[in-house]
């Protein structure tokens, strides 16, 4: 299971890559593997305002539907349009081509509440065996 | 031993031995004894098959065999024998929802063909595998609009939409606090008043729902309605109770409609005292993931052979549960097969010719009635159904049904108090010239002498 | 096996299967209303071509008439052929729904008699035949619940639903504006009065319960559970999908159920039709009768008639009076069997399920081992070590000439296989089914790859569902319209 060290994570299996005041969001390798073949990703429009912990979209695999939860509050500044035609990018490249949205981070303080790679790995392990 | 049960006493003994139970009754020990004691069925014993047939033949004979000129949501049409032959194939009739596509390709391909027929006929991009009937399809279309445009409040129903359809919409949304249903008037043509829509549509307009043809048999001006509604960002839903009309009239898809629904009974199904028919449901590609109901899609197997599967299932109740697009599960599968076989049989030329014949027969009848002094109520363009003013219409209708074995359409007063002197007449290819002549004669006789032959 | 193209890929310009006499008049519609695409894409095929097309398709279907169809919760019993003939009697099939009631007395008698039989089976007071299917019956039932509480000025917002429930239950509740509280089930697999008591308060409108539940278990505490719900002013809704296990054995009305729906296409043998048409009549206790949809059938001095007065009705759920043709078939089935016959249906349905279950225990894992009724739920746990899953077992059953059980449902059982043989299968057929299941269990140990690659004998192999969902192709398009897509095949 791939858990890049430079990213931050939520317990709901989203990741956040911070560059300046912009955060890039996707779902983790563990999440895409658990979901199976992703067939559709529903994302907000550019300009939408997100609240940390609230749903911002939906990811569908063949047999399940899962909500996507915002890791931080802020405004959506970009959406990965390629996922509309190629949802499989979420499976093939969850941390790169499979990114979902970019957010202008509204409350930098919230970053501290996210997990680092080691804490996320422990969280996955405990969920998996618990 | 009872009908349809193959068990002999030897079978039962051997099966109980394998189970390790002393009796069949013992298998019900988990059901509280008090419930079992009270559950005795006080019902008669069964009938042998010949008795059963006679019993129902007698019941069927108690329904009068009047000549009926009524449409009003269910339309009598001739059905090619091939249609019912295919419906009676047990391979189609006794399968269920195609959960195992490898052994359900017959049902799945037929549904894919049905979806294609509905999309072609309505001029829309995609269609689902059917809904219960036209009325519930209309209600589902309103609920779909609510998913597409959350936060918008007002549903505008044309008052010229079939009253059952309006009632079903009201039933389906009664528990939803965020929705208000309001009605739009019709104009002198019997069409939904597009000017009223333009005046009333506002930012909170969710959708406008109009008939095509509407309950008076008149085609609403969908393009005008769409123009007015789209200006404020709402959706237009067209409702077609007589889909044969779409063979000759500009389809909803070419009128900028967002969701086209209707009743499919006309295509190969008997009127059967109101059901089963089926709901038709079509929309635009961009809205497909908000569409309710089952959908079949094309794919391939591991060896690259073309095949069909149920798809986009994550919209549905078995996965999304309380957040599903609809609670629908079973739909009207076999009825959609009837439509598919019927439209295949008629094909392009047959359907066009049949629609032209219906149109001509109804217009000819209307003209003859007008010459006899019974004028049409509405000036708008109609297909095979129209409204005539007949003095004392309910009494005339009742008398003709009782004394002449003739059902002269639908007395509109039962649905519209202001049209208590009007009859809604429907003429199709099933009506013979002599039947039509009789209809004209008896209605003309009912008209006041001063106006007859006016 | 023959391949069979789409009907749109057949035919030839100018051909038709139905010669309509040409109309002498042209269609006099205003130009802006005229269809101008000449029905592009519609096929032009002959009668024999159409017949062959659909008969070939029919041969690619597995059906309850051609073999055992153990699809749990769907009651795929024999659908008597005579009922097809009866429903097609011209007096029924050609009866227009808007004729005056005096010309429809035979049809109204069918409605009245079916209502009476369903009242007898349910032990409830009033029946509405309008709903077109079980899920529409559920929606109606929950609207009745809502209307009942509203009339009493009660603000109730929640519905309790056990974790084992069918997905239509929460979906129907949501349509009625209710939020769903999921109830855990006991280790035994049934509802516990303690859990219901904990969840129950004045905000609960109803408990929705399936009995027997989706594990095939009778809810042994149903009377206590219903009393708990009633004490706090709630109502009990029963999903009647599994009535095949209860006829003459237990009446919902006696259990404390206030409202329920039947599935005539399950219990009362009307053909499933590849997914409908069904019928989902609703039965209620007297205090809910005033809220039932219009029109209501009433008996007057001149015979039966429809009463359209809305009163307190929640309104219509569909046009006209229901799927009448289906109602005729269901009544024919009931009259053929009679009261004693219906009771036998339930007795043998439960016997058949118990027989299959007894013989598969050991080969397959039984996660809930309390005595079950008309169906039983196994899982793939014993096959897991060989990498064989429920999906593989289901597909392999197709090779053995059987339809698959309901799989991956109920959700409370991982890898569930829900088997409902129904009463119309003979002992020999059940033995063949058991032998096939056992053979698959053996294969899973000895040759798991063969099971995982199943089916091997069907017209198509496993289909790529991911591809279908990622790039939806939901219709055929005329060649000129196809947006740059090359046709497979």
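Assorted remarks:
Lettered A, B and C in written order, each chain numbered from 1.
The rule is simple: contacts are C-beta pairs under 8 Å (C-beta built on N, C-alpha and C of every residue); 3 or more make two chains touch, one makes a residue touch a chain.
Here the structure is a predicted model, which means the values were calculated and not measured.
Distances from each chain's CA mean to the overall CA mean are smallest for chain C. Comparing the CA-atom centres of all chains against that of subunit B, the greatest distance is found for A. Looking at which of B-C and A-C shares more C-beta pairs in contact, the answer is the pair B-C. For the pair subunit A and subunit B, the distance between mean C-alpha positions equals 44 Å. Distance from the subunit B centre to the subunit C centre is 20 Å, each centre being the mean of its Cα atoms. Each chain gets one centre point, the mean of its Cα atoms, and the points for subunit A and subunit C are 38 Å apart.
For subunit A, the set of residues that touch two or more other chains comprises 39-40, 60, 62-63. The multi-chain contact residues of subunit B, meaning those touching 2 or more other chains, are 313-314, 319-320, 323. Counting partner chains per residue, subunit C has residues 465, 469 touching two or more of them. The touching residues of subunit A, when paired with subunit C in their complex, are 37, 39-40, 60, 62-63, 87-88. If you check the complex, the residues on subunit C that touch subunit A are 408, 465-466, 469-470.
Against subunit A, the residues of subunit B that register as touching in their complex are 289, 313-314, 319-320, 323.
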